[in-house]
Structure formats: C-alpha cells, structure tokens
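Okay, so subunit A shows up in both of these, paired with subunit B first and subunit C after.
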Partner chain A sequence: MRKKSAFQRGLSAFWWLTLLFLYAPLVIVMLFSFNSSNSAARFTGFSLRWYERLLGNELIIDAIGHTLLLAVVSSVIAVILGTLIGYGMYRHRGRKLGWLIVLIYLPIVMPDIVFGISNMAFFVELNRLTGLLSPGLGTMIIAHVTFEIPFVALIVYSRFVGLDATLFDAAKDLYASPLQRAVHFIIPTLKPALLSAFFLSFTLSVDDFVISFFTAGPESATLPIYIWGAIRRGISPEINAIATLMIGAVALAAVLSLLFNRERRHL
Partner chain B sequence: MNTRSSASIDATLRARSRRLMWRDTRHLLVAVMPGAAWILIFLVLPSLYLISVAFMTNGPYGQPSLPLSLESFRNLAGFGFLGWSPGNLYTLLRSLWQTALSLVLVVLVSYPIAYYITTCRKKWRPIMLLLVVVPSWTNQVIRAFGWMNLLAPGTPLSNAAEALGLIAPNLGLFPSNFAVTLGLVYNFLPFMVLPLYAAFEKLNHGLIEAARDLYASPVRAFFVAVLPQTLPGLLAGSVLVAIPAFGMYVIPELLGGGRAMMLGNLVATQFAAGSNWPLGAAGSMLMLLATFIGLFVLRRMGRKLGGGDEVVI
Partner chain C sequence: MSQAPHGTPETMNSDHPRRGEAGQENASAPRQASSISIFGLKKYFDGGVVALDGLDLDIREGEFFTLLGPSGCGKTTLLRMLAGLDTPDDGQISIGGMDVTDTPPHLRSVNTVFQSYALFPHLSVRDNIAFGLKMRGVNSAERQRRVSEIAEFIKLGALIDRRVDQLSGGQRQRIALARALVCEPDVLLLDEPLSALDAGLREQLQIELQRTQKRLGMTFVFVTHDQEEAMVMSDRIAVLNDGRIQQIGTPQEVYERPANSFVARFMGHDNLFEISARDGQRLTTSLGELNSDDVNEGSLALIRPETIELSAPGTPSPHAPINLNRVEGRITERFYRGSNVEYRLDCGTTELMAEVSNSGQRLFKVGDLVKVEIYPEDIVILKDAP
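This part shows the complex of A and B:
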C-alpha cells in the first residue's frame, strides 16, 4: 500500500469530525440523563434520579405500553402483507411491475407530514360519515402498517433475488404442492429475512413521530408523542432519561434486524 | 434428436407456458393484492381526498365545504381577508432556501465521506457505513432535542459563537434558522452517503488516472472523471434529501422557534382545530407534486444504478 498522503490524512480527519457531528447530540442526551442536577449545560455528578422519576410517571408507563403494542401489532401485519408482495415481485419479476414499484415507493418517498395529514383528514372524514375508525391506536396501527409494508417487501424481495432460482424449479420438479413448497422451502429460507423485516418494521414504528402524531387520538400517546409534548412544555432532564431508554431499545432492535439479515448482499 | 419432434416439444411447451402465464397472473394478484390494496386504500385514497379538499372552500368551523373554488391557492399565495400579506410566501421561499442550502451542505460533506469509505479496507466498509446510519435510527424528535441541548444559550458551542461575535450575546445558537439548517444536514446526511457510496464502489479508477496522466488538475479530474460517474448516486441522494427536507415538520418546529417556519409547519397549523383545511391541503399538494417528481427521478436512477434496494435504505 502507498504511503498515506496529506490528502488521505485530511480525509481521515474529516471522517472523525463527521462522526463527532453525528454522535454528539445523542451522547449529550445520554450523558445528561445521568446528571445529578437539572442543568442542561453543566454536568454536576452521576445520579439515577431521572430514571427513578420515570418509573413513577403513569403517563410514561402508558406511553411505553402504547408504543410497544403499536410496534408489535403493526409489524406483524406489515410482515405478512409485505412478504406476500416481495414474493409476488420476485416470482413475477419478468413482468412489467412498474405500477407496483411506484406504489411501494410512494410511502417511502412521501413526506411524513403529507402522509400523516392525509391520513388524519381521511380518518376524521370517514369517522364523521360512518362512525368507524375514530382516531386512536387503531388508526395509528393502520398508518404504521402502510409505511412498513414497502420495507418488508424490499427486504424479502432482495432475499429471494439472492437465492438460486433453480431451487424453485427443483421443489416443483420433486412434485411439492404449493403448500409443501411454502412450508418446507420458502418459509425456512425466508426466516432470517422475515425476522429482519420484523425488527426493521418495529424500529420504524418506534422511530416514527409525525405520522403517529397526526393519526393519534387523545388517549393513545406513544413515547415520541409524550416526549414532543414534554419538550414543548420546557426542557427537562426527565426527557433525557426517556430518550436514552429509547435510543437503547431502538439500537437493540436495529442490531437484531441486521444480525438476521447478514446474508443480504447489500447493506 | 430430429427437428420435427423438437418442434412439437416447442409447441407443447408454448401451450403449457401460456397456461402457466394465465395461472401466473392470478397468482401474482393473490400474492400482491392484499398489501397493494392496503396502500391504495390507506395512502392513495387519503391523498386523493386531501387533493379534493384543496379545491373546496373553507367552512365557518375550519371544515372543508362546498362550493369548489381555488380560494385555498389564493390563500396560499398570501391573499386573505385583509388583502395580500407576504407571510406564506416567505414561508415557501424559506422552505426552498433551507432545502437547497442543506442539500448543498449535505453533498459537500457526503462526497469526501463516501469516497473515504471506499478507500478503506473492505472489511471495515460495512461497519463504517453502519456508523453513518446508526444515528438516523433514533427518533427524529430525540435527535432534534439533542441539538437543542447542544446549541442552547450558555452551552460551550453558543459561548464560542458569542466570543467569535457570530451571534448576539445571550441569544444562543438555538432557536434560529442556522439551527434548522444544521438539523436538516444532520438528519439527511446518511441518505446521501449511502447512494454516493454505492456509486463510488463502482467507480472506474482508470478514468481518474487517465485524467491525471493527461495533466488534469485534481479539481478538473474530479469534474471530468469522478462527477459524471457518481451522478446517478448524487441524483438519487438528492431526491432522498430534498423531498423530505422540503416537507420537514419536526426540525423547524423544535429548532427554529416561531420565525423559521417551513411549509410543513404552515400545513400542520392549518389542520389544528378551527383552522383552514383547504389551505393546508393546497400546501400539501405542493409537497405531493415534489414527491412525484422525486419518485420519477428515483425510478430512473434506480435503473441506472442497477437494483432499487440500495437506493432506498
């Protein structure tokens, strides 16, 4: 290898600076969650008092419950629907599927705010006309499934693309019925991708604020919504503590998603 | 094997493949329809409803009502009861300006980063990409909150900026337009690094060496040999940054204070109780329009980069 030039060294320094930029806000939140005083500017000593206060706050406990329920239910539905799409896309990749691709990219590309507001307006109007779907966890689950489906479909699709295509023919040649093919071949091969898709959906759901905010009802605040409200009322060290717990939980789910998805060719 | 039997085999195969094709179509629809219908009903239909609201008139309680009109677009352009006011126009221009500025900054940071990752050892590259992406897994609200803590009055960064005379005393770097730009760059950096990295990985270094051998300066070599090769990644990344930045809601709301409103905030306010739904819907239409342009560009770039999935994440 060549000796490192000044250019290389400069790039390397720039890389570390960028990492500092990327992690500073998260580190500051985590650090100050252990601050013994409520100053946001000076760290005065280590304490767990903000975490203790969290445990006594019923609103937060409720919000954690809503967040988990929303994430689990929406991810399960999204994994089922998204896997079917991914499978269909792969088996029929020779066809013109442009309409499907556009439909799948739509939830990804559409700005959150338009997504959330169109859903809110739609649900409010639907509720006014039919009495169905009053804003709450139900409408939030529906909206979360919508934005999770595309990611599941793409993960499953790329897992299929990584497979040897002749395996499908082999299963067919051995006279496996569609059901047998599903049980003995497709689902076992997909298992890592399905788990990965589930945890990615879970992460996306917990991470979402804007869409949740606009589809939520008065009784269904999730953690991000609670944090939003708390910030608007004024910065408090308690927020650091909840935020730290969320950073940890999301990092865990994301790592699980990656571990199950190691076989994928692209990151 | 003689030709006749192979021809008859061909004919049988063709008949069979036609039959399979038909079965295939049903099969495709059964697999794809539940999810596709979900997106159609719960996203496409609501978007269409929102578009129709934009053409209604604002009712007495902020509810959209008939007759159909273009009043909402007049409102969006700043015409109201009290004649014309520039507020909405400023918001619109600020959205465009913030989007453009943060996009340029994101590109300036992403190019060296994406390139640097490709120069590192192969086994480090996935980890380095991961390091860039991990912060974006955290909730947007929390990340903005982190910056609020870093930029608030009295923090080391604000004190330093004050000492350098960049800001007025005791104001702090947040809330401000600057904080919004910073938040946008922070938020969207990974969206540019990933597609650029994908483009850099396929880079033909021979072209750069050829340019250098022909005595092109480094800058010229970049524009002649590097930029054209990474253009699909750059464009894909630009879409992934600019579209959501244009419609950003959380960052201006938290980091900007009241005077850094962007289009997303203008729209959201109109849907709060007793406001103007048609006006909000008209603002949303602008963002939808931007979205469709983005989708179009993304599809073309996805084809050029070969495979849509790396563009997406």
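This part shows the complex of A and C:
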C-alpha cells in the first residue's frame, strides 16, 4: 500500500474529527435514552423505562401530536403554493425577475429570531384589530408555510429548468388541453420533486424551535417548545428519549427527501 | 396562387401547376392527407427583428415538402406556426381548407417530431406513443390496438417495452415518429429529426422516413439545414433565407437551376462568376469569354463542377460543338472522394472547381496543366441574392 504523506494524514484526521463532533453528541443522547438509571454520566444498563415514562406523559403526547400536525399541514400547503410559485418563476424566467427571486430567497437567509418576532408582532396586532388568528396552531401553520415555501419553490423551479422545454410543446402538440397538461404531464413529471420538497418542508417544520416559539399559543406547544421548557428544570433521560425519537423522525424524512431527489435525476 | 416572393419569375417557373383543388380530385390520397395554404405570414421577434417577412406558400396534399435554409432563416418558426406553438403577427394559415391561424395546438390535427424528440421521461415507450390518443379520449382497448399497429408499421419490435432512458438516439427518433403517426394527423411536421444522429444511421433513417411517407400518403413538412438530406427525401423544397422564400421547386430544379446566388451557394455550388458584359449568348466573365445557352437575365454565371470535362492538353475532342468553351487550368488541390474526385484549378484570373467521376481513369496530379471544357448548356445565368 502506498504511504500517505503527513498532509494526507492530517486531512484524514480532520475528516474523522469533523465526524466526531457532528455525531458524538447525537450518539450520546441516543445511548443515554436507553440508560436504566437517571445518571447522565454513567451507563448502568439497557432499559426502555424513559420511553415508557414518555408515553405516560400527556403533555409530551400532545406536543408530539402538535408537531406532526403542524409539520404535515404546513408542508402540504407549502408544497401546493410553492409549486405554483416555482412554475411561475419557470414560465417567466429570463424576463426581469431578479427582484422576485430575491423576494423568494429572503426568508431563507432571514435570521429565524427576526422572522419569529416579526411574525409574533404581526399576528398580535392583527388579532387586536380584527379578533382573528389568536396565537395557536393556526398562526404557527401560517408562519411555517411562509418559511417552507421558498424551499419548495426552488426545488420545483430547478426541476423545471432541468427539463427539456420542448416537452411542454410536445404535450400541446399531442392534443393535451391546459388541464390535461397539468394532470398528465406537469404533475407526474414533478412528482419526485414534490415528494422531495414535502419531506424537506416536514423536516424544517419539525426542526424549528425559534419561529414556533414566537407564534405558538398556550395550548399549542410542539416538541421543541416542550423540551425547552423541560430543560429549564435540568436534563432528564426523558429528554434524551424525546430527542432520540426526533432524530429518528427527522433522519427518516431527510433520507426520503434525498431519495426522491435522487430518483428524479435518473429520469 | 403564386409562391413567388417579390415577383421573381424564376421561382414561378420552378413550381408545378396545381393538381386541382385541395382534397377533391386526388382520389388516391388517403383521407388524412391535407394541403396547407400560407398567406402573407409575418412574424417579428422581440426587438423588431423579422423572422418571417410576409410569406406565401402552398403545400400539396400527400407531399413530402422540405423547408431548407441556414439557422435563423425562419424555417423552424414557420414549422412552429403550422403546429400552433407560435402565433403569427399577421397572415393566415389554412390546413385542409380550414383556417387554423388562431386554433391552439391541442385542437389542430397536426403532430410534430421534435429535434430533441421530446419523449416524456415519466412514461414508458408504450405510454409515450399512446399519449396523443389518450388526450383525445380514445378508449384503452382502441389505444392498445393502434399502438401495436403503429409499432409493427415502424418495426419497433422489443423497443416498445423499454424505458425511455434506455433508448439510443435513433431509437428515440423512431418512437417520436410512432408517437406522432399513431394520431393519424392531417399533416406531420418534422423539425430536423435526424440532425443529432451520426451519418450512417441518418442515411438509413432518411430512406425509412421517405418510404413511410409514401406508404401513408400523408403530408410531411420537413425542416432541415442539410441540402443533401433535403434533396434525397423531398418531393419539393422551399429554400428560405432571412424570413423569405428564395425558391420553391423539386430537388432537381433547385439544384440545377437555382433562382439566385443564395440558393446556388446554399446548394453547395462554388463556381459562380460575375458577368461584366453580355452580348446575346456571349458572356464576359471573370473566367473569360463564355458561351451560354441560358436566356435568363442575371449577373452571375454558374457552372456545376460535375458538368466540367477535364482532359490532358492536346487530347482531341471530336464531337465538340462549335461554341464549346475551352479554358486552361493548373490543378492546385485534389480531393479524392472514392466515387468521384474533385480538383481545384487555377485558371489565371480565377479559381474553378471540377468534379470528375472516378471510373478508373488516370487521375491528375497537383501541378498538372489540364484542358477544361464547359458546354454552353451547362452555364446557368442567375441573379444575385435579393
């Protein structure tokens, strides 16, 4: 075997160090969620007691329900609206659309705390003036849809750009009416991109703490909000169990998003 | 109706008299063949650039008609307007006697084979072919039957069960053709469908396409920038440049009697000589004094390389007509092409290309002095491009 230079060994060490800092904390959380004692320092044996405790906690079950409901509903709405925007961006590309693209990107680069606070101020004021939209799942869904849309729009837009533009002509030429073109050509062609966008939105929604925190009402705490509250009383193994479940859910959604994204490359 | 743009008489000469009115007297043509009438068609691109400049054109039912020209000449724009994918700024298009100028593409009985083939990546080969029928509401059993029928007609064989991304360029081309033909359109449009293929396959598919068209008797409108392809396949050719028709005629007419210098150059002719003075049949050109039988008006003399005869100096030519043109030239380059040999000659004041068929005679070498004989009937007089 060829001998590695010092530089190459250095690079390789750097790679492993990066992996260590990325994954060691996650592994420790997952490991201690199965700890039989409540020690955060010593692993005393395997047990599922924290998961049982978790299932008995109504607040946690509610929080899981809110998280999933918020993620699914906001992702579905974001995929529908984001697809329309992505299609519009594609149809009108090449014209003077620079400013619209910037508007679409803005929520992506905006700090979450700014986004969250401004949403809170907006909803509170709206509620004071009209009596509509008191803080709760409704306001959270609107806020989540808003920050998920740009991701969906960009995924859909890039899928369209990667498509042979003549396909649109071919569909028209082969007698497809505007509605038939949407049903038999555009939606099936976009399907992998739409699924990928859905799972990405889902992941972003489950991950989000800051924006949820500022737009939530008293009855609509999600898991991250619950954890934040619970942590103020100290880290318990129960939190480790919740974190492990979340890692699992988010990893699954992220993998699905990647898989669908990859599938469309094959086509 | 005249197809002559801007009243050039040559373009009219090259057009056949019409075979009666569209879709009536020609009983042998199948039901779906339709004629096309284009009248005063105009299109401007953004910024006012003219794409089509008031184009008039009649395409007969059951004809293999080719739009030939360089890129940007308007041929693809015209094809897209026939499909309904582009709308003209002015003028009228009728297909089979029906005005379709404002008919959207999905309501026209016209199908297109696109240059990129545009097969739907999300569908199988079979579903791609059935797409048009499905959109028209043809039921599943009938779709199956017609797809199988066309698959047999085009000889798709096992290709029908492949995925689109498993197909080669030539196979995609045939699927695209099947997808369009299965709809039995009034007119089939083909937008450079062979340009992405390599030479051997292209020639094979040229023949296949031409046979298919003859067997179906369908009206084909074919777009290409390749003059050899146009000549091999077409019943008639329209040569386009700058959004105008330069000439319409059979391949033989367009090749042997180009209407102007643009058509001549585009058809691959190099030997064009300016006429500085003319006295009846006697022309003064950059090649010297020449006799021509051509009575047409024009400022250029065209001599096709394959009509020129070369021989060694001193060789007698016993049957030469009295007004045979004789020039001397020295060979500066030789291009051996197998079935024929091309020579570039230096004739003192100008260069001349000559093409001799290779029948086993001794070939001339670079530097040889040769006797050049040009028959008066082979000197064609034509106009400069408008």
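Definition applied: the second predicted complex is superposed on the first by the 257 of 267 C-alpha atoms of A that agree within 3 Å, B and C clash if a C-alpha of one lies under 4 Å from a C-alpha of the other, contacts with A are read in each partner's own complex, and residues count from 1 in each chain.
Assume a residue touches a chain if its C-beta (ideal position, glycine included) is under 8 Å from a C-beta of that chain, and two chains touch if they have at least 3 such contacts.
Owing to the predicted nature of the structure, the values given are computational and were not obtained by experimental measurement.
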Overlay on subunit A: subunit C relative to subunit B, clash or fit
clash
If you stack the two complexes on chain A, which partner ends up touching A:191: first (subunit B), second (subunit C), both, or neither?
second
Quick check on the superposed pair: does A:158 touch subunit B, subunit C, both, or neither? Answer first, second, both or neither.
first
Classify the contacts of A:180 with the two partner chains as first (subunit B alone), second (subunit C alone), both, or neither.
second
Applying the touch criterion given at the start, work out whether A:84 contacts subunit B, subunit C, both or neither, answering first, second, both or neither.
first
Please work out whether A:170 is in contact with subunit B alone, subunit C alone, both, or neither, and reply first, second, both or neither.
second
With the two structures laid over each other on chain A, which partner does A:106 touch: subunit B (first), subunit C (second), both, or neither?
first
Subunit C: which of 129-137, 165-173, 237-245 or 291-299 bumps into subunit B?
237-245
Give me the intersection of subunit A's contacts with subunit B and its contacts with subunit C, in residue numbers.
266-267
In the complex with subunit A, residue positions of subunit B that touch it
24, 27-28, 31-32, 34-36, 38-40, 42-47, 49-50, 53, 109, 112-113, 115-116, 119, 126, 128-132, 134-135, 137-143, 145-150, 152, 154-155, 186, 189, 194, 239-240, 243-244, 246-250, 254, 264, 267-268, 271, 277, 280-281, 284, 287-288, 290-291, 294-295, 298-299, 307-310, 312-313
Mind pulling up the subunit C residues that touch subunit A in the complex?
80, 83-85, 104-107, 110-112, 114-116, 118-123, 131-132, 134-136, 165, 179, 183
Considering only the defined contacts, which subunit A positions touch subunit B in the complex?
8, 11-12, 14-15, 18-19, 21-26, 28-29, 32, 40-41, 81-82, 84-85, 87-89, 91-92, 95, 98, 100-115, 117-123, 125, 142-143, 145-146, 149-151, 153-154, 157-158, 203, 206-210, 214, 224, 227-228, 231, 235, 239-240, 243, 246-247, 250-251, 254, 258, 266-267
Under the definition above, what is the set of subunit A residues touching subunit C in their complex?
164, 166-167, 169-177, 180, 184-185, 188-189, 191, 266-267
